[in-house]
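Please see the structure below; I have some questions.
By written order: A, B, C and D. Residues from 1 in each chain.
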Amino acid sequence: MNLVEQYKQIRKHSEKICEPLETEDYVVQPVEDVSPPKWHLGHTTWFFETFILIPNAAEYQVFSENYNYVFNSYYETIGNRVIRTDRGNLSRPSVNDVYQYRAYVDEAMERFLQTTISDELLELLILGFNHEQQHQELLLTDIKYILGNNPLFPPYSADWKEESYLATEAKLITINEGVYEIGYDGGDFCFDNELNRHKVYLQEFEVSSELVTNGEYLDFIKDGGYTNFNFWHAEGWDWVLRNQIKAPMYWHLIDGEWCNYTLNGISLIDAKQSVTHISYYEAYAFASWKGMRLPTEFEWEVAAKQLNWGKRWEWTESAYLPYPGFNKAPGAIGEYNGKFMVNQKVLRGASVATPENHSRITYRNFFHPHLRWQFTGIRLAK
Amino acid sequence: MNLVEQYKQIRKHSEKICEPLETEDYVVQPVEDVSPPKWHLGHTTWFFETFILIPNAAEYQVFSENYNYVFNSYYETIGNRVIRTDRGNLSRPSVNDVYQYRAYVDEAMERFLQTTISDELLELLILGFNHEQQHQELLLTDIKYILGNNPLFPPYSADWKEESYLATEAKLITINEGVYEIGYDGGDFCFDNELNRHKVYLQEFEVSSELVTNGEYLDFIKDGGYTNFNFWHAEGWDWVLRNQIKAPMYWHLIDGEWCNYTLNGISLIDAKQSVTHISYYEAYAFASWKGMRLPTEFEWEVAAKQLNWGKRWEWTESAYLPYPGFNKAPGAIGEYNGKFMVNQKVLRGASVATPENHSRITYRNFFHPHLRWQFTGIRLAK
Amino acid sequence: MNLVEQYKQIRKHSEKICEPLETEDYVVQPVEDVSPPKWHLGHTTWFFETFILIPNAAEYQVFSENYNYVFNSYYETIGNRVIRTDRGNLSRPSVNDVYQYRAYVDEAMERFLQTTISDELLELLILGFNHEQQHQELLLTDIKYILGNNPLFPPYSADWKEESYLATEAKLITINEGVYEIGYDGGDFCFDNELNRHKVYLQEFEVSSELVTNGEYLDFIKDGGYTNFNFWHAEGWDWVLRNQIKAPMYWHLIDGEWCNYTLNGISLIDAKQSVTHISYYEAYAFASWKGMRLPTEFEWEVAAKQLNWGKRWEWTESAYLPYPGFNKAPGAIGEYNGKFMVNQKVLRGASVATPENHSRITYRNFFHPHLRWQFTGIRLAK
Amino acid sequence: MNLVEQYKQIRKHSEKICEPLETEDYVVQPVEDVSPPKWHLGHTTWFFETFILIPNAAEYQVFSENYNYVFNSYYETIGNRVIRTDRGNLSRPSVNDVYQYRAYVDEAMERFLQTTISDELLELLILGFNHEQQHQELLLTDIKYILGNNPLFPPYSADWKEESYLATEAKLITINEGVYEIGYDGGDFCFDNELNRHKVYLQEFEVSSELVTNGEYLDFIKDGGYTNFNFWHAEGWDWVLRNQIKAPMYWHLIDGEWCNYTLNGISLIDAKQSVTHISYYEAYAFASWKGMRLPTEFEWEVAAKQLNWGKRWEWTESAYLPYPGFNKAPGAIGEYNGKFMVNQKVLRGASVATPENHSRITYRNFFHPHLRWQFTGIRLAK
């Protein structure tokens, strides 16, 4: 597929995700971490405008001078921006304005992509594609949050299935101790945080071939998992008490039955599906209760080919840290990954919301340990 | 005008206020005090549905069971409700849904109003009209906040003029000491907080015929009004420091010139217009700086016929307290006024946003002393 | 009594209040409103040093340059100061240092008071005496808070009795409507907030001769007073829910029996004693439950001679506002009262902690409506 | 040395640290992380009473039933406790009471230690010794915080020297890539978090033989280190802005010269001494500015024998995580380390406040990345 086609396809997919929305759904930001869908649509567009068109497309006219202030996410290099908690306070630019902004930038990009693109620029362009794909996942999880926390519980769409069933009976896979290679070594795109490829020494370990199910998690709840501090980190326990956590996000006890909100609306829990929307604290507590633990990201990467993975982001025991030889790029692009490498945990795998072609065995996702609006899940090791 | 016509006219006016809005403008709640316009439209409708139709219109079918939860404001008697800070997190019911809700209730109300209405019910109905008019004022001030705090500063409408000029040169009017009667004694509607009519003793005082202008307020700013604690209450001074207040709300120093945002957009300050969007703390500090004071609400009411008033709500020195013999109604309607009678200041007059026929000399408006998104102003006394 | 004797007697009384304390009790500040006893001892000393000695005693040498920073309470005119919430973080100056500071200033003051004192200075001096007496009341209530919130509940002293019994059966006293004079008009000291004496018009009212007892308050609790929003202001109800208030401060339900901590330690509630340590919100809710109300400060002052008052500060319905013609003094002394005249309620009477000779019928005490560590009580009116 | 002697020596050392204090210094808690010295003295005593005497010494009588509530730190197994932020609100038990508590428990312990001690109990006892030593370090850093944040800046003692000079010129030491063994394997005491000893693979790296000095750090400040976001983690940069950080803790710019508070009082910065009281965020930013990085804890442990270490705790790049095979003990003792293994960074080495015999190459200290009241320092690697 040529660059223009690839660009169009990725850009169109973001808009397709928003098709089932009402205009109002594009606007709200119920919590800081959940951005309004129109912000995602604008921000990904701003990325191409700011990093590709403005510095490289000679005759390009900026769509609106104010949009840099509105759609910059966290790039300090690029100047001031709407503070993150205020995104949901902005009724303008309207959804219509944002779609016009997209069309305007797309038209300029498609023209620009027919010119000769240097290798360096190509790299940046591919980063822009991957950036938009990351926001496609966020779009879907943010939409789920917006609708799933509305007292009317409107379904998003019947077409999206969240299911993630066991392929087979779960079994423990044994990996021998030894030196293994970790990190990306293919010839295609990877993020800077997947480099350098380097050696690690792993002790012998066992890891489950399958994810933990809703049924198993329900046993944890019924066994008092949320009321026994012994299973929890001190910070996790504080989090449980302060927020009165009693079940995964989107679970509701209705007339004595556990139900959960999915993109299709509210329904009874399916015991065989993989549990999702749990924090790292909960994943850790569940593993403690089982007398097991979470795998490290290195164990996960080494075992990955033997695992059934791909519909849930799997919390690992690893903190998000630079690999040996990690180097951040100069300028704004260097703010992409490195500056988040503290106080976050690595997740491996991919979720039902991850765009096609946007997952690989070396991919390192990361979130703070208390967050659970992503499609997170649990795999056990020991 | 008959009841049906009166009902229709008031209801239509709320919708007219919203005509210039984009759908997105109906949804956001940038601060707790500012409710989304669609919430106002729904809440005023809910008032008629809950207090008139459900208890009295035999065959009335509730539009949606969930709307009570969404559109109850603060009536504890009526059950649980969306917490106030969450109103801006709700993308649903959509703006369209809310207009359908209005049409549905209006149709039922118009039918119901053609039946025989008891005197007691008539009283409640008139309360509902006045309630909707109060929300019309809030609609406009909330819309101003939403647009005026957007970095793009979109104008609301060229048709709305905020101007409030001096009628004549300001002069001091002297009122003799003596016993005066305060409170409503007409035969039409008034709120419970305007009763009982009772006597007060006033010492001789002087009060300005006119409101303080932007030009006079600018002198206060230039003379260091916001940097000299001597003019302020201790709590006012804390508020200035904590919020780094340097001018009235909506004022911006652009290229060395003071501008302000009005419903028509951003433009230079008009020195002759009455200053507006100031807190009680600022009104008090300005008066201290002038060596004067604010009138009490009783002084205001006694002098009102000799004053030029009506385009700004005027902060008074009076705390919002019950009049002698004040009695709250039983049930939910009793929650209307009495439960707010602590820590608020009385404002008298009316503003450019007050609906026609919704002001009178005995009207008692009230807000917390730090709030300034209403069209508030200053009148001096001594 | 001559000035020197009066000075010595007042100063000694502050130290006598602290006699039963351990050194550690002088240091802590468990909540913002409660200052460490050593701070009170230092601050009252600083008042005499700063306002009397430094400007007037020619050869006076400041005890320590740093103490102005440590012991200034809220006088902006006098410069920077330790922020109020930090008073309990200061282990130095030590208790010993503070007593040395007192001795040093006392010695200088006693010498100074033997010189000729101008009338103006005399006025300031008398203010200093009254200021120290106000802090004597705070010393005792702050000590009670410090000991009464310690898990060991140490008694303060067997000598202090908190009792406040009914003199006689409570009866309702009727006061006729008419014009009355309010405010101080004696020839001795009064605070600026008791002036000017002025006329008010009161409607006919009835007021109880006695305060509400623990027994009556217990009936309110048993009747669900703390669980029925109807009795409360909206802000009061929020306060109840947020702080899970279920009884007056210092009350504890131990093995099914209501006990309370007094300066003598923990013991069973005495049903006949006047209830104390309640907020304005609770006083108002109790009155609502009774179908009555609190008196205004003007009603209280007019009825005072016929009331049994003097062991509890009585919440009134009045907001703390300036009297007609109120004028604050120039300079730091002008910061004494006026700048607090917003968002507070007036209390009338006197408490068991009020120093002798520090109460009068025109005295206006004031606190925020949620506070209850003072010896507050309830008198009903209608 | 026999057990009794060892016990007495360790216990006496805690009291020796407190010798220079005034009674008041034992009481205050200026920030949550800094406990009152009397709390440390009581808590370490409570540890021996609760875990050794009560379960094992048949005739032991508890000193006071209430002390468990007062002196439990974070052991959920052992029941309720004073919340951590309230420790500074307790004036009782008095300092005297706490010393009596110590004497009482010491006497019982010394008697008990002359009986036959099982191996299991011996292990617990040695943990108690190490626990008290950890609190000795905290005692000193907490005292420094209490005195160093007092506006009078009282010195602690002339006897304690904080100096930590370069042994020699700093040079880079190269360590070859390969598999290394990490973790404790001696026959004496170690904490559970130092186990299991296991293999890691390290890439070749260089590490400085010496710590970063005040002089080098001053260059970072002068070069705009605190004003350039590029050097910082996103969370570190937020921390700098929110807290207006401009230099290490205890540094003050006085008349244009950088001074710092040490245990000996305030004096000019010594450029040759190792910088201390910096957060992980600052250590990371400094390293970025130098174009280097911090070592991992594994790199540190492998290189340790060639490093000049021991007067500063050295921030590493490693997150505090369990070693392979980590197992927490059952019961309260199992709460010692494991439950803190999230969101903290490992520090290696030892500081001037670390008790003798309480440091070793495998020791893992840990703190949250923003904290800086410990004697922390920086070593560079690449």
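One rule holds for everything that comes next: a residue touches a chain if its C-beta (ideal position, glycine included) is under 8 Å from a C-beta of that chain, and two chains touch if they have at least 3 such contacts.
Treat the numbers as computed from the prediction; the structure is a model and nothing was measured.
Undergrad: Taking CA centroids for every chain, report which one is farthest away from chain A.
TA: If we average the C-alpha coordinates per chain, C ends up farthest from chain A.
Undergrad: Centroid from C-alpha atoms only, then distance chain A to chain D, rounded to Å. What do you get?
TA: Centre separation, chain A to chain D: 36 Å.
Undergrad: What is the distance, in whole Å, between the centres of chain A and chain B, each centre taken as the mean of its C-alpha atoms?
TA: 44
Undergrad: Multi-chain contacts in chain D: which residues touch at least two other chains?
TA: Expected reply: no residues.
Undergrad: May I ask you to sort the chain touch graph into line, ring, star, complete or other?
TA: ring
Undergrad: Spell out the part of chain A that touches chain D in their complex, as residue ranges.
TA: It is residues 74, 76-77, 177, 179, 198-201, 203, 205, 229-230, 232-237, 280-281, 284, 293, 317-319, 321-322, 324-325, 334, 339-343, 345, 369 of chain A that touch chain D.
Undergrad: Once bound in the complex, which stretches of chain B touch chain A?
TA: 22-30, 38, 66, 69-70, 82, 86, 88-96, 146-147, 149-152, 154
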